[in-house]
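Alright, structures below, take your time with them.
Two complexes follow with chain A in common, the first pairing it with chain B and the second with chain C.
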Partner chain A sequence: MKISFKKPKYIQMSSAAKIINKTEPNVPTGSWIKCTYCGQVIYKEDFNNNLFICHNCEKHYRMSAPDRLKLVVDKDSFDNMFTNLKTVNILDFKGYDAKIKGLQEKTALDEGVLTGTATINGIKVAIAVMDSRFLMGSMGHVVGEKITLITELATDESLPLVIFTASGGARMQEGIISLMQMAKTSAALKRHHDAGGLYVTVLTDPTSGGVTASFAMLGDIILSEPGAFIGFAGPRVIRDTIKQELPEGFQKAEFLLEHGFIDSIVPRVEMKHTLHKIFGLHHFI
Partner chain B sequence: MFNKILIANRGEIAVRIIRACRELGIRTVAVYSTADKEALHTLLADESVCIGPAKSSESYLDITRIISAAIITGSNAIHPGFGFLSENSKFVKICEESNIKVIGPNSEMISLMGQKAQARATMIEAGVPVIPGSDGVIKLAQEAIERSKDIGFPLIMKAANGGGGKGMRVANSVEEVTSMFNLAQKEAKACFGDDDMYMERYIVNPKHIEFQILGDEHGNVIHLGERDCSVQRRHQKMVEEAPSTALTPELREQMGAVAVKAARAIGYTNAGTVEFLLTDKNEFFFMEMNTRIQVEHPITEMITGIDIIKKQVEIAAGLELGLTQEDIKLNGHSIECRINAEDATKDFRPSPGKITNLFLPGGNGIRVDGAIYSGYTVAPYYDSMLAKLIVHGKTREEALAKMRSALGEFIIEGITTNIDFHYDILDQPSFIQGNYDTSFIEKMLGEAK
Partner chain C sequence: MKAWDRVIKARRTDRPTAYKYIESLCPDFIELHGDRQFKDDAAIIGGIGTIGGISVTIIGQEKGSKTKEKVKRNFGMSNPEGYRKSLRLMKQAEKFNRPIITIVDTTGAFCGIEAEERGQGEAIARNLFEMSNLKVPIISLIIGEGGSGGALALAVSDEVWMFENAIYSILSPEGFASILYKDGSLAPQAAEEMKITAHELKNLQIIESIIEEPFDGAHDSFDIIIGPLKYQLIDKLTELSNMDTSELLENRYNRYRKF
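For the complex of A and B:
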């Protein structure tokens, strides 16, 4: 049964009431975001507090290297090492210097990876965390050298090594020098392996190109975040080359797990605990 | 004054707020879930926006949807009512960021009073009496004995990190402290893995007395007298009255001043309620502060003649209170009965369904604040309150007589209500004498068994 109420006449009650507040609601730009996966509108502060994960569909968004470190290692335990390496425009690639300088200012990072030692629930580790904000986390000579140096440190000091990967691949602006980093990092890891060292990789979104084809897939244990893109060539290139449609979920972490390329998918909130467990199982204390 | 207000609530409080806005000449926007398409608040408001399915978490509690509704309707302000998002400081903060005025205190005040431990600490600092307790943790029985001298007896020893009635024991005298402490601590260690304890005076069957506070945004804070809400079943209020039979004018002045002091301590603005526990020795202690409008606000309105909802809107619009403490006079006596769709004979089980026949009581000093109409279907998704029956008489005797009469006129057919139970409450000698505390309903139900 529908009731029809009569609307009152909108009259002013007193002189004080004459000032009509007509301010329109205005949501400040950037305080709300929309999940690109499920369309859920999320309050930015909630999103940041939820480890950059959509509370509706659990999509794991990309994290900066400093944020990642805060989440994974014990408070104030990270010792930032090998910070004296300077990126040089070896091939005189046009615009490369300006690009590097701009990114250094924007991200407050020297390059696309942070390396050093830290503790994870008290266990000392050698850790490298890549940052996709720095030229898509691409590997040039500085990234390659830092990864190599931290690997060698891990070997020398018998520390477990963990590398969080996030990269578009080899850095185009440095040509063959970038490709050379694939061999250099892999060789350092081989020496680490021969010395009996433990190496755990954590693949994050996206991990591709020359990084996938070198140190990312060389872990004794390979973990990944849910939904991460992991591949070598991009899907469009593959589709055009083989002239076939790609299977559902191709190059997603879950697909790789099913096909035996990675060992486990670990939700972000469980990552620190999982790493600690692995190190404990390997008798690191 | 606002041009348009969105009411982020449902049921009778939404109707109450819409009515106040209609009288003030302010346009209203109702939000409703799919279950409330035919609800009175939806039909009464000028505009209405459907904000989701019946489930509260996807409708009335969904901040994104409420804010979206405010934006698309161009509402300048939101009244959150009580329950739902009214004490959600994050919601209020988002409104503040989005240029939407919330009719109530700001997010900081809500946050401060919402964290009970912090609220208690703030009150202690302000010199407001709180339940005497050991501020800090106790680990040894000897410490407990020492602290007990300041706290007084009876006292209760509780697990600092526990709950659910476990790891707590009452000691009635200093001789009992050691044995009770050790028992409680052992249980705490077994249940919670933690042997940190704390102690508090154990208040047996207190009266629940609350004071209505009104503060404007220019520093004026007053109280509008008290409400006695001791008639509770499992901490749910059933009958409220104002003024309280337990308060002498001196005690009222004392408690009122403390309530205002508590509100001033956090720079409180808009309407709020300071809740006290009152012992049989007339000692009173701050329990908590509710930073919103309360269900039982009408009885205060009846004895003071002040429309609290309208005052809320005016305060939020920046107007001065226009009242001093001296202006507040308490006239007569008012009682409210909460009429719920529940079956008192079956442990108060909710009884939703269609109201086939409705007759509302009327007459001099009879007020009904409800959201029901003939043919309305009460949904099972939300609380079972249908209406509030409020009476106002010159004396308490007159108010009781009016309530008895009005309850007799109140006809709701098609669903089961607690109207008959209210009759029983009003028949109890202890209620008629005005000599009851928070154990009243329990005793009443115990006798009935």
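For the complex of A and C:
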């Protein structure tokens, strides 16, 4: 498993998609890292083996899409689909093409989401897993198209659909085209819904902006990882708007659970089992 | 005209607001309130009326005209209850086979603590989801600012018409500039780059039609605009109402599918 640790940094994004959060553990030197949440120094290998969770405080760090898939689906069952889409620089935004190319090389991903079919304890599913390493998992045309295609496939083949969200929101560099992805994905999900399809969303850290305001919050069942940031507007924008400090735990998964917007918080180690149980209850075998 | 000039016009405080269009298009308008769950959001004015004898549900994002009213309307920025009120009224329209007209004019969905507590993201998502195959014709008019998801939540429609000085964008030019150029004062440049004007969006097929604004803009020419606009709406609503529902919905799906 290849993991890259970045130095923690503040990420600033649009009013529709802003979060400020320390995301990755600190990497002082070599094989030791420091949890940014509780300060515990952890041996890197232990951290990796513990599913990227701090063993001291249970903080769930972000996972790449390939790592997430390994954790959730049966070994070698993932059929990676819709990989031939090209990211188009619709606004002719300077530096965007180079940025995409660089990210593709760095992450070995074609774009911010992996989509395809897989099995989870033998049950065939349509699955999408977003990756926040790719321009913060932001949704532009290709991400929207892949989500739509996998949803349409789930509808056509009567497969349950699972989407792991991880996104700063809509991709600014593609302008209004990114906004349209919100409508496009939601419309595909409505057809899946009307056909009686089961859609389970798993909200991971972070899920924000135009992704929260579209497919992320449309699951029949919405699960989340502990401590995940889930919101529409970013905390800084809210603070600037209302000129007040934000409540403790605001926009965390636990906050959403309390306010009635998610069904359950599921620790990472239990996710595969929980999904399998849900599919079984819906008579998928 | 430069994009930034359009932005300035779109944001003019004397620009006619949604209510002016609602009462002119549907003089017999009955306002209906509330989301039946929590509150009545004053940023949205919605209800029923007739236009050219056609019963419609008409819903607008209202910025308010005078200062006191603007505050009451939260400057046209909805909380979740506003989107839920809209959805309630739209589902009601579907029940009674009434076409829907929405009037979009907002800087965006309100970014407040309570808005998050009450599921602002979910409210917008739910509108996109449900509007995508509501079994009645929907026409949206962007009369001022189409502020991102907060606008889209009322604009998943069969046709979107934009006033020539209106803007429609993923985020404000100021936001775009401050994040991508690291300098919010470069908003005019961002406005050019982002493609947020009616003409640019027509080229991108985001909208079907541009409503011309004679003289200096709608604030100057409302009385010239309203008559033809009313007849265009009557024509289009009639055309869409005569369409087979499955064809209407297939077209609406493809309208967004193509992006």
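The definition used in the following text is that the second predicted complex is superposed on the first by the 255 of 285 C-alpha atoms of A that agree within 3 Å, B and C clash if a C-alpha of one lies under 4 Å from a C-alpha of the other, contacts with A are read in each partner's own complex, and residues count from 1 in each chain.
One rule holds in what follows: contacts are C-beta pairs under 8 Å (C-beta built on N, C-alpha and C of every residue); 3 or more make two chains touch, one makes a residue touch a chain.
As the structure is a computational prediction, the values presented were derived from the model and not from experiment.
**Student:** State whether A:Ile285 touches chain B only (first), chain C only (second), both chains, or neither.
**Tutor:** neither
**Student:** Of the partners chain B and chain C, which touch A:Ala213 in the superposed model: first, second, both, neither?
**Tutor:** In the superposition, A:Ala213 contacts chain C only.
**Student:** A:Ala108 in the overlay: touching chain B, chain C, both, or neither? Say first, second, both or neither.
**Tutor:** neither
**Student:** Considering only the touch criterion stated at the top, classify A:Arg191 as touching first (chain B), second (chain C), both, or neither.
**Tutor:** Only chain C is touched by A:Arg191; chain B is not.
**Student:** State whether chain B or chain C is in contact with more residues of chain A in the superposed arrangement.
**Tutor:** Ranking chain B and chain C by residues of chain A touched puts C first.
**Student:** Under the contact rule defined above, give the chain A residues that sit at the interface with chain B and also at the interface with chain C.
**Tutor:** 12-13, 16
**Student:** Provide the residue numbers of chain A that touch chain C in the complex, in ascending order.
**Tutor:** 12-16, 90-91, 93, 141, 144, 148, 170, 172-184, 186-191, 193-194, 209-210, 212-218, 231-233, 237-238, 241-242, 244, 246-247, 250-251, 259-261
**Student:** Within the complex, which stretch of chain A touches chain B?
**Tutor:** Within the complex, chain A touches chain B at residues 1-3, 5, 7-13, 16-28, 31-32, 41-43, 46.
**Student:** Inside the complex, what are the residues of chain C that reach chain A?
**Tutor:** Residues 108-113, 115-122, 124-126, 128-130, 132-133, 148-149, 152-153, 156, 168-172, 175-176, 179-180, 193-196, 201, 204, 206, 252-253, 256-257, 259.
**Student:** Can you name the residues of chain B that touch chain A in the complex?
**Tutor:** Counting only chain B, the residues touching chain A are 1-3, 22-27, 38, 40, 43-44, 46, 63-64, 67-68, 70-71, 74-77, 90, 94, 97-101, 317, 319, 373-376.
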